[in-house]
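Starting off with a structure, shown below.
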């Protein structure tokens, strides 16, 4: 079986891990994986999917960079009778155009993080700074929304600063420095919410360099659960992370296999778990387990 | 150039910097305050000096490249390559010295490649460096295998976030690099030869200037500056982020050079002015962060400020204003409305 | 044969050669499907590149096109979402806006003697920034008219689709060819690229020409934005990042000199197709990791340019002898 | 009065280029505009045609006040101009250059066929047989000059202005040009003619206006002036001695260089050439005959593909200009705008450039030393500039030429190639340059002088090589060097002359 995989790019460690895991899963099942990296561009992804159709692959995995704009190309795949499985992000097309979608609920991730913080601070007043993802990207929008849902009704928690850190470590650190400046050297900040772990790791360094203790003076909660954040948690410098598993391909291949075998239509959305990890969850062990995955 | 000449040359940039600082202070009153925390200086101005380091370093090399009528789009990618090489070396357990040398060597090599394409094969600079801009990030990711290659070498981290005599190491890096390169080009004939090649390559060659070697040198200096910048950002976050290190920084560096008043058409250049340009850009960036606007405003604010700055610095502005005034006056006198005329030549 | 056509012939020859090589490795590449895809998938790029060609011919550069395309999509999507406007009216309005945007850039470049690189760089920030201000989300467009446009294609034998979008690009190229090579304005563009001071002394209306050039580029970017919006049926402020660099590369592969004054619009079409072919080849190969993808794209770019350079040098030497 | 300028004033930083200048041009006359280098001739023309904005004064055309805002505007008013530096676009075809702005159209589109025939028509009568569809850049400066003239003539409904149009033309082309100009005069056009060749001025002009230091000095009938008085008016002083014939004054020295079979396919047929120290070799030929190519091959500007050059010590490496310079060569090119000056750099830097490049970047010439050099040559060559720190691009054409000469004199090479060295240089400076040539030669330097001005060649050369169709066809020496002999050698393809003294 030949499966085409249109990946967004390799913009973060998490994304690289997803690619690695997908390749491992394909290999384990004896599937010939045609990989295509779109370098964060939808136009490249559309072209890639259409090339897959022209090539006549047996199925297509698509990790869409953005939710909109897939109708035409999905229809084309459907006409060619090639099943499409969406990975980790959704599209807003008609569900009949794809076989199934495997992913987590981005809003839910934010909610989990928000609820954790609400629980953590109780009734204490808490000024939160937020490191957003790339402006306009769907994880940035949804994770921001989810977090606000999560702290809904807790008037003591207030988001006082919110800037984009572009999902990168360097920007995370830079922006955090500015936050610290703006918030009285950090003394007024109670918690940091970062849309991904990389930005959190950068911000942790900034907090340390400002002479504060991340994890104690400033609570740190972020999303993704990449190895480095576990290292930080093990050192007591980060408090919580919400897992986004890079293994989206496993369930996807399972669903495809069933479909190929006897035409079983899977459910339209296969949700992966958004598990919350805290310092209590053996961060060192998690780190060791994940390190080899190509994060 | 003597002292007053130099001052006159950079006066517009200094004024602009002052204006930008004043503007940011309006939005964020404590912007200009500097304090002492332990043995290091802290405060927004220090942040600007530090955070502006990558762009300032890139601007040094970029100034020379632009002075030869070239442009180097690959510096961001070179930063990624060099950061990745150094992180790789440290990760392998090699000493910091080896890592730094490896990074600088990689930067030189990248510059040599660019220079080769431009000077020997005669490919136009934008395209020549576009090649490395695209491929370079791939090479960097090849080194890190797509991960963020982290390390815990304290010495390396010191390059990015340490401080010497109270001032952050990155600030020292660009200040020293600026002084060294500035002295080298002005105390030798390098500066003159670069300018001459930038103004008229053909005539310079006919006057015996070895333009090939000169172009190679200039792109290698640019590569070297990018390597330093790469080391700094890598040391700063204790990890080599091949995909994001230096992403789009080439544009900021070019902007810095342009704000510094060096013509993109080559010729006369000033490294000092470019460095001030870099600080202007960084002040804007830091100011936007501090002022607390929603992030979706960032680009618009930056675009408008940059346009405004360049318009104010444009020598034409005076002409146009004079022309408009003259038009009004003459229109009053004669009822005719002549158009302003520009002098020939640039 | 005219010496100035040589780059065009070389470009076409390289494209055909590359296609043959791909075909030897992947026979399925020689299908109407792939050809149709090549036209459709690169339609927006081709249109933007036609505008870019004129800009580059005049010795300038327009870095704003990628952002303008993104802005266009968002603008149309927001208009269609929030007003009951017919898409055609939205298109017209958009083209006016982007043309004015381009003209404003041209006016700044000429009026204040600022380098095009910098002005359009600021334009690039500005256009994307405004797109952000309009919306942060990606907005789907589900107007029936859009579906009609999307479904407008001719099914070629072999199931390939010759789409409306591809046709629009070919028309844009044809229009660009006429404009650049068969009008007085076009000659003025070449004149500007040959040397601004000289062109002025020869009586070329520099200011007017400059403004028109960037207005044209803005118009083409707007048109590319419409095509992209139809292509994806959405507006997304983060779309088409870096497309300006692809357009520049396509123009240069198409044999136009970045220093201005020499080149062809038809060459740009082949430059675009060559870029598309590189991409198709990489997808067909399917074994390259993310990083090797980048490296291979860079290498192929390098190869094309060096090959072109070599052939041109040999050709010129042949003719001189 | 057809065109009348009153009280024209133009100031540049540090210079008053025009100071209250009065200039009147009648219909049906050729009016020569004369003056030293930097006197303000080109500036006057640029103010008249809208290329510069004037600081004061008024311009009347047909008695009506006009205010040309741009060269395009001047063209609309019926003023056609050839500016001093060839202002054509090398990347356009000859036909496009000729018709730019008024290409014939059909249905809104440029008709190539009509454009081509219009272009051919425009070139009629100038004795050029060129392909109007080729890029202009493929042709030599001289050809470009003629094309520029043809374009200006076509544009000139009322006034034709020619700023040093004959600087790189040879006698035949000049004669053809003058025929055209006379024809236009018949038709009632007013023609402004700038030249440093006084013979040409007397041959064609009806009236003469002289400028000095930006001021109007005199306007008189040409017939009422003689050469000496005219020169006195221009210089404001007596000129001691104009040119001197130098035959037999020098004894040729030892052999310095020997080129054997040097050539490059498509450029110049392989030739042999020996050069003795302290010798001046002149090189004559028609446009495009291959004189510049000979020089470029010798200097490494185009790499030769056959032959060798050797001196007493052995073969020389002349593959690049830098190597040729290292071997003691120098080359002042013909096209000063693109090959000579570095416009944005100062006079001082331009003069020091070759020497500096030769010394290498690591051994800078101290600033004071550069200043001294610059000041010395500004004085010796009488370069008109407010100072050594003025960008050379802002100097007048003739003064730029002097700066390039100074660059090479500062190098003190053993073999210097001068391609049209007196192009655009005024009478005073012309004499000075010839004197300098003599001086250099007596100090042992060897020269190769390429010139379209045969008198000049006769005056300075010990030997003259005649080039035709990219081939060295004849060599004249000693007493055999006369204008007639050179003309004959250029003209007679069959009779190969080997006249030796």
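Here the chain labels run A, B, C and D in written order, and each chain numbers its own residues starting at 1.
The definition used in the following text is that contacts are C-beta pairs under 8 Å (C-beta built on N, C-alpha and C of every residue); 3 or more make two chains touch, one makes a residue touch a chain.
Keep in mind that what you see is a predicted model, and the values were worked out from it rather than measured.
A.B. asks: Which is the least count of steps on a path of touching chains running from chain A to chain C?
C.D. replies: Tracing touching chains, the least step count from chain A to chain C comes to 1.
A.B. asks: Could you work out how many touching-chain steps separate chain A from chain D at minimum?
C.D. replies: The fewest touching-chain steps linking chain A to chain D number 2.
A.B. asks: When contacts are scored as defined above, which chain pair ends up with more C-beta pairs, C-D or B-C?
C.D. replies: B-C
A.B. asks: Measuring between Cα centroids, which chain is at the maximum distance from chain C?
C.D. replies: Between chain C and every other chain, the largest centroid distance is to D.
A.B. asks: Can you work out the whole-Å distance between the CA centroids of chain B and chain D?
C.D. replies: 43
A.B. asks: Based only on mean CA positions, could you tell me how far chain B sits from chain C in angstrom?
C.D. replies: Computed from C-alpha means, the inter-chain centre distance equals 29 Å.
A.B. asks: Where the centres are mean C-alpha positions, what is the separation of chain A from chain B, in Å?
C.D. replies: For chain A versus chain B, the centre distance works out to 33 Å.
A.B. asks: Identify all positions of chain A at which a residue touches two or more other chains, and write them in rising order.
C.D. replies: Residues 9-10, 16, 19, 135-136 of chain A touch two or more partner chains.
A.B. asks: Tell me, which residues of chain D touch at least two other chains?
C.D. replies: 51, 70
A.B. asks: Chain C: which residues touch two or more other chains?
C.D. replies: Correct list: 132, 136, 200-201, 289-291, 293-294.
A.B. asks: Any two chains that touch count here, so list every such pair.
C.D. replies: A-B, A-C, B-C, B-D, C-D
A.B. asks: For the complex, which residues does chain B have touching chain A?
C.D. replies: For chain B paired with chain A, touching residues are 28, 37-38, 42-44, 47, 51, 141, 145-148, 150, 161, 233, 236-239, 241, 243-245, 247, 286, 289-290, 292, 294-296, 298.
A.B. asks: Taking the touch rule as given, give the residues of chain B at its contact with chain C in the complex, in rising order.
C.D. replies: Answer in residue numbers: 71, 73, 117, 121-124, 126-127, 130-142, 146, 242, 251, 254-255, 258, 263-265, 296-304, 306-307, 310-311, 314-317, 320, 342, 344-346.
A.B. asks: In the complex formed with chain B, which residues of chain C make contact?
C.D. replies: 61, 108, 111-115, 117-119, 121-126, 128-130, 132-133, 136, 196-197, 200-201, 245, 248-249, 252, 257-259, 289-299, 301-302, 305-306, 309
A.B. asks: In their shared complex, at which residues does chain A touch chain C?
C.D. replies: Chain A reaches chain C through residues 4, 7, 9-10, 16, 19, 33-37, 39-44, 46-48, 50-56, 66-72, 92, 134-138, 141.
A.B. asks: Write out the stretch or stretches of chain D touching chain C in their complex.
C.D. replies: So the residues of chain D touching chain C come out as 51, 70-72, 74-75, 83, 87-93, 96-97, 100-101, 103, 105, 108-110, 133-135, 138, 151, 265-267.
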